[in-house]
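These notes open a run of structures that come right after.
Each of the two complexes below includes subunit A, the first together with subunit B, the second together with subunit C.
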Partner chain A sequence: MRHLSRRAALALGAGSAAIALVGWSKSASATPQAAAADIAKFTGGAKPETGKISIELPEIAENGNTVPLSISVDAPMTSADYVSDVLVVAEGNPNPGVATFHFTPLSGKAEASTRIRLATTQNIVVVAKTSGGKYFTASKLVKVTIGGCGG
Partner chain B sequence: MAETPKIRVPKTAKKGDVIEIKTLLPHIMESGQRKDREGKVIPRKIINKFAVEFNGKPVFSTTIEPAVAANPYLQFFAKVDESGTFKFSWTDDDGSVTTAEEKITVS
Partner chain C sequence: MITRREMLQVSAATAALVAGSGGLSRAFAQQTLTQDDLTRFDALGNVTLLHVTDIHGQLMPVHFREPSVNLGVGEAKGLPPHVTGADFLKRFGIPAKSAAAYAMTDQDFTALAASYGKIGGLDRLATVVRQVRAERDGKVLLLDGGDTWQGSLGANSSRGQDMVDCMALLKPDAMTGHWEFTYGEARMQELIKSLDFPFLALNIRDTEWNEPVFDAVRMVEKGGVKIAVLGQAFPYTPVANPRWMMPKWSFGIREDEVRAQVDKARKGGAQLVVLLSHNGFDVDRKLAARVDGIDVILTGHTHDALPEAVTVGKTLLIASGSHGKFVSRLDLDVQGGAVKGYRYKLIPLFADVIKPDPAMAAAIAKARAPYAKELSRVVGHTESLLYRRGNFNGTFDDLICAALLKERDAEIALSPGFRWGTSVLPGAPITVEDIHNATAITYPQVYRIAMTGERLKEVLEDVADNLFNPDPYYQQGGDMVRCGGLGYSIDVSKPIGQRISGMTHLKSGKAIEPQREYAVAGWASVNEGTQGPNIWDVVERHIAAEKTVRVTPNSSVKISGI
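On to the complex of A and B.
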């Protein structure tokens, strides 16, 4: 079932790739500045420290339509000290926002995985907020062979 | 919503265990960036929020942007201290909500 639907999705993406590519070259791409603005909104202007976060992404994503992404933040996840929100932004997509994960002490681990779309080779930036109001950040470069155009 | 989500939750666990949960909802996740053959933008239609509760208490949720791939897949964890029911919900741009439930027995 899962394979079928994924295949269908890929076929859809390939079919409209040409059209979509034209569409994207016209539309304004997100820039590191736009991504930074999203991050500033998330942190309320606070400057996040580097560390605590590990990002798992393929070094080279052959298909930008579905790129596996895993994020894990080192945190005790007790009601006194846990990671509450994790923002993911992409510096080279049409819009920088990708997803925001919201954790609670019931999450057990500040860890989540999903699959994302990447238009081009770019940096993925992750910012985590702790219950104590601290911010941490990490980023990772992904090389994208075929952009996640249509999808 | 006609589509049925696929959810993987262990049937049983020990008290205090941190269990892994995987979910997938078949959905086109139309980004709003694509154009049709006439050059008109295909309107955005995505799942914009996913949330999980356990016995009524929030466990995990995600705000989703169009940069999440079609058929949104999410893998995450939950700490279980008692038996109960996970409630999952996916909110579509059109306002419709797909829901599902999974039970777990904790000993």
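On to the complex of A and C.
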């Protein structure tokens, strides 16, 4: 429980966002198609535009079991125009769904930080939903390596 | 800007002297090349940067053969530093068999080593640094790119102290690092606390709160110019080296942080922004193209020695070699917050030519005294040139692999593709110092484990991708893992999982079977708690038993996709 509450604390500290973590128990096989299905469900089938989102992830993970992830979405965060939900999926994980962050105008910024577990080298895809019903996306490749032999 | 001819001052200075087919006599070479030739420089502008990097624990002059194979992939294909041997000489207009050819390439290495002798030594470096500081009073910054405190018996035994003590005499203005971290967090902090200059690493955060651990920048004024020196440690230290040695520190390229620090420095009035980097050359070339506002990147990690600055947009990239062989001098004319002109020279520190600085020579002697007897102890002799540097194999690694196979009764040996390690000339004795120069790490245990053929392929593919991923941000900058008892083919142009084929167990001549287990011996495991004898003892036992070693040319790796 300590780990979960710490993650929530980090997310809160980074932008007063509520966080819903997805469980690891589902044993689906890893496919980009499964990730695409999760995204389609999130967007209701709408095709997200690229941009607005910056993802902070290492190019090569130091430890695949706990990879630091920070997301920020460029948005005014006023009651007229704000980011309401941000979906994170890991294309190569047994269960691609990682987390969904929920924001309100009171969040001030659409920013969140957490740590994620990556089974293998894969793309992390982030999709943001605005209060106006628009969707934005960005992705980053993270390499998970055996390590050693450098230098 | 200046002409190509002017930039090539080093070849001009050292080209006058060209050895014949049999090489020059040592005495003749010494008389012909002078300290004035090596250090002659037509001063320019208001700032001088002196750069050293990747000294790897070498207080004394060394033989170090530059690589014959150093392949570039993706956008770096065919570009310096991925030019070697005769192509290198042609590209930079350096005559074959000249002193510059000897310093910067593998060509005629053995013959030219006999003529020109060893290169490097902190006492020779001290002489040049003092001379440049006297000439350019108040305009000089001396910057150390790191991998300074590791790589020799003395450095390992004193846990970096010998290097820290001697480097202190040079009074550097800043440093960054990589192998330094393998002494562990506590020792790092202890050594850094003793420095009279900052250890810079803008790309290290603590794993708990993601807060900076080290200073990002040093702001300093030289020649009336406000200079920001940013430091970037090796981004993949906890991946390429044991993470358990630095468990609370997280690294990474952190391009956004570099950009933010450059902007902050400019806003803070910096007229010149210098990145003291241990990223590796290709990573820095990409970074320079993506981050605006860096005037100079002093590159490191990949051990490249280039006689010219490489330009990317308005950014100058400098590659100053390794093992203390060179010091780079970059004169800059900075006006109104921009570099209006520059002049560059990679100065090879020919040990027979440059007069040692007496104070540094005394400090080196003192630092080596506790180990002097052990360092000079002769273990055996070699009939072959022993060297390491090169993408796929080196004769010193072949020797290490032979030792692993025999001493640990293994079918296959794996030896890390480190880029450091000095060379031993044919006919020379192999000393304890030579062995440690190739093996001195803080996790030296030799493991012996069973690995399936499938796992072995995974390891080779993984390391190959660290070297040949077309995106430099996904590279780690080491060379390919060296294999004993195992042959393979590699297509460097393919993606991960498809580069390695034709894996063969050399002794039986049979193809490696994916499901069969093989007895594998290796060293430098990044896993905590690895058990086994120290690699230097294993290598010593082997050489002592052989008495005289001979390493035949290695043809067990077939390369394609170049």
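By our rule, the second predicted complex is superposed on the first by the 117 of 151 C-alpha atoms of A that agree within 3 Å, B and C clash if a C-alpha of one lies under 4 Å from a C-alpha of the other, contacts with A are read in each partner's own complex, and residues count from 1 in each chain.
Throughout what follows, a contact is a pair of C-beta atoms (placed from the backbone, for glycine too) under 8 Å apart; a residue touches a chain by one contact, two chains touch by 3 or more.
From a predicted model like this one, the values you see are computed outputs, not experimental measurements.
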Based on the superposed arrangement, let me know which partner A:Ala36 touches: subunit B (first), subunit C (second), both, or neither? neither
Contact-wise, after the overlay, does A:Ser113 reach subunit B, subunit C, both or neither (first, second, both, neither)? both
Comparison of subunit B and subunit C by subunit A residues contacted: B
Name the contact category of A:Asn65: first (subunit B only), second (subunit C only), both, or neither. first
Which of the two partners, first being subunit B and second being subunit C, lies in contact with A:Ile55: first, second, both, or neither? neither
For A:Ala46 in the superposed arrangement: first (subunit B), second (subunit C), both or neither? neither
Classify the contacts of A:Thr145 with the two partner chains as first (subunit B alone), second (subunit C alone), both, or neither. second
So subunit A touches subunit B in one structure and subunit C in the other; where do those two contact lists coincide? 113, 148-151
What residues on subunit A touch subunit B, complex-wise? 1-2, 5-6, 9, 12-13, 16, 19-20, 22-24, 27, 65-67, 70, 77, 90, 93-95, 97-109, 111-118, 148-151
Touching residues of subunit C toward subunit A in the complex: what are they? 147, 178-179, 207, 210, 234-236, 238-241, 243, 250-253, 256, 301, 416-420, 458-459, 462-463, 465-466, 469, 473-474, 476-478, 481, 496, 524-526
Going by the contact rule set out above, which residues of subunit A touch subunit C in the complex? 54, 56, 58-63, 68, 113, 121, 141, 143, 145-151
Flag every residue of subunit B that touches subunit A in the complex, lowest number first. 6, 18-19, 24, 26, 28-29, 31, 33-37, 41, 54, 57-79
